[in-house]
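As written, the chain order gives the labels A, B, C, D, E and F, with residue 1 at the start of each chain.
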């Protein structure tokens, strides 16, 4: 049995993430979507929120579940007896970052394999940062995220707007 | 059961290829190393030679075997009921080529998934073209290919040298 | 009045080319789609065929017409009193090639401006080379080219197949 | 009539920006240089200062004027009935950023076109960040910005230096 | 006599830096490893610590010594009568950054030459940022830095951990 | 004493090559510009012509001379007791090619160092291929090559034109 881990900050989860999760779950026996608790850059959503949004997003994938962690990704994978780490590749800057991560992981933990999925063409432009920037300026994000994530973003930025109007 | 296809020209197989094959065979149930018969650029070795060198190279991987094909890679994968195409990524120009291939394949045959493995750091510089160029100029290729491939290259270029002396 | 030239080999024209032509014709007063007669790599279609396929492809764009040329693109633009050369950008290797061409053109003819349009996401993978490779191996190209181009490709490769059966 | 918007933070405007503005104004009927009010990274100059420096910089381009905005760039363009957004491309990392922005904009507002101008070779190294870094360390920026911008930078960093000596 | 400067933040020095220093010292008469005092991003180690770690790291290179500076690198090189600035190249994003720096330096100070060394394959993944991230999460960094640097990192993050447990 | 080798096909030498040669000769004791006899792609000029054009181009650099070779570049460098191979970097695709070459050379001959010089901004677009393409179409190459190379190109393409008129 092959268990795979799909790690990320998921701040918030967008349609590109869900597509990778679905495709990975189709070729591995079990998929753990692993939410990293404390990314180095500021997050918009707390880890509990990011986990909850992801759980709703992948609820219909039977062999997938959501975990959270705060350690090296390879150590989390080893703790779960996972043999594979799954990553999505969109663009060149992703590639370089992923390449470094893959080489670092391999040196730290050669027994965990890292495989990459190329994103779909309609998601190449999509990143959590883009989603947040467009939502903050009242742009339409309905083609980028699921409805429950769109609501969470609107609520978050409306609150910010409300405070700003005081 | 997940069957994966690892396609290429393999003219000739080098240590980077074998590393990818070994890692892919570790996470998928069955691996078919698929030798493409007629690449667009000129090949040094005939398809029978490329298949034979590959069969010797992966003889110790129990769940892997060598095939050959002349059609779209996705059509070969479908004909074998393979769900996955495996590719190695070394460098940026690979990335772009692979990205295009992945998007084209997805449009042609969405049911076949394509996953990429990042090459090991000691193989990032390695390509069949480099191997041939170094061998042709009598450079030492013992850290790049298996001994039986080294012999085949020496024989090929020795013969070329012999002809040139006539 | 701004006249723009959109140059290329167009061997054959695909949907990505037509999209760029349509978008350029929307913002410039007149668009000349300029078929380069003798590209350095081998072409599948003769220049008359490439021109005819393009004329059919852009017949419904009222302010666009098809020309052919065999000289520096900037000299062709100058001869037509065109102020602008239009190019499409898909991927990084395009970018570098286009950058070099833009700098070379500017040094040769600073009075002709070169502007780039980013390709649509559904065409990022599309190139004339990909179209020909897929068509040669009997893949489905109906989402890549217009029907009259598809027919021309099928006819070309069927004939090749027919000859091969002799 | 084609109206084009050239958006940016312009913190501060440098010679590369002015070159793009001049070239865009030569092929479109009207050019609005649009200063984005609140970029995500810290700015050295307030929006009023950035607008004033730009107005002085393009004062001699008859069909160009300076605007300021705080919304999605495509929404600003639509509000102005502009059909085109103009961008400059210097290097690969620009390309990727611009590509993402173009695809995002197209999804949000397909009726606004985005076109890119390749920077001149003597400006490929030039960015507002470089200008500020060199100025902060007392390097000579006279070949990078116009004299009034150079004065503004010297004044700003002199004041900073003065404060630091307290 | 050719004196070369090898500048950086060195926060902290890793094996990739030492390799470049050793190789540069082999072909130039004298090498000054120059620690930049105040990089724009936050540093983990104070400049005195970074200098001390570097001095220990290159103690066995007879024609190399460590300096510190806070001005333009080219001005520091000129003040030392150095003719060459040495840089290491690992990956594409390095390349772009270095290219910009080289062009900026050349414009500022054409009499100082900048040369680049390609990093060894086993160090392509290595950066000070990676070292710090892995160390912070208790990963094994013994193949990335010298023992005295490893101790300094462990001490730093142990103290941070201790504080965090209060 | 440090002897450096600057290898290339030089078909033909252009101003970017000469700039690199001049800069390398300024920091190394002796520079050998090494003309590779049989590049894999077709050359326009025979090796004797390429050597002669280069000798004229660098005649005024006192510590440089021209050699020719047909073996691995590192083997040629070793045969000359050269410690350094010099390369020019213009653009990203150069970078990747050079990176592979550097890693291959290092594996073959670790005692020979390879250093890279970033090209000047006014030469980033310049390549022998561009020069030949522009010259073939009667474009002005006077800002790209020295007068004696321009004459050689005109003579070569005039002869081709003359034949074509028969």
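We take it that a residue touches a chain if its C-beta (ideal position, glycine included) is under 8 Å from a C-beta of that chain, and two chains touch if they have at least 3 such contacts.
All values derive from a computational prediction rather than experimental measurement.
Annotation: C-F is the more contact-rich of the chain pairs A-C and C-F, by number of C-beta pairs in contact. Farthest from chain D in terms of Cα centroid separation is B.
The pair A-D is the one among A-D, E-F or C-D whose contacts match those of A-E for more than half of the residue pairs.
Shared numbers divided by all numbers used gives the overlap of an interface; between chain D and chain E this overlap falls below half, so the copies present different residues. Rounded to whole angstrom, the centroid-to-centroid distance between chain B and chain C, based on C-alpha atoms, equals 33 Å. Mean C-alpha position of chain C lies 48 Å from that of chain E. Residue positions 92-93, 96, 99, 103, 121, 124-125 of chain F are each in touch with at least two other chains.
Shown are all chain pairs that touch, namely A-B, A-C, A-D, A-E, B-C, B-E, B-F, C-D, C-F, D-E, D-F, E-F. Residues 91-93, 124-125, 127, 130, 133-134, 137-140, 143 of chain D are the ones touching chain E in the complex.
Per the touch definition, chain D reaches chain A in the complex via residues 40, 71-72, 75, 92-93, 96, 99-100, 103-104, 107-108.
Looking at the complex, you find that chain A touches chain C at residues 92, 121-122, 124-125. Listing the residues of chain F that touch chain E in their complex gives 2, 23, 26-28, 83-84, 89, 92, 95-96, 98-99, 102-103, 106, 113-118, 120-121.
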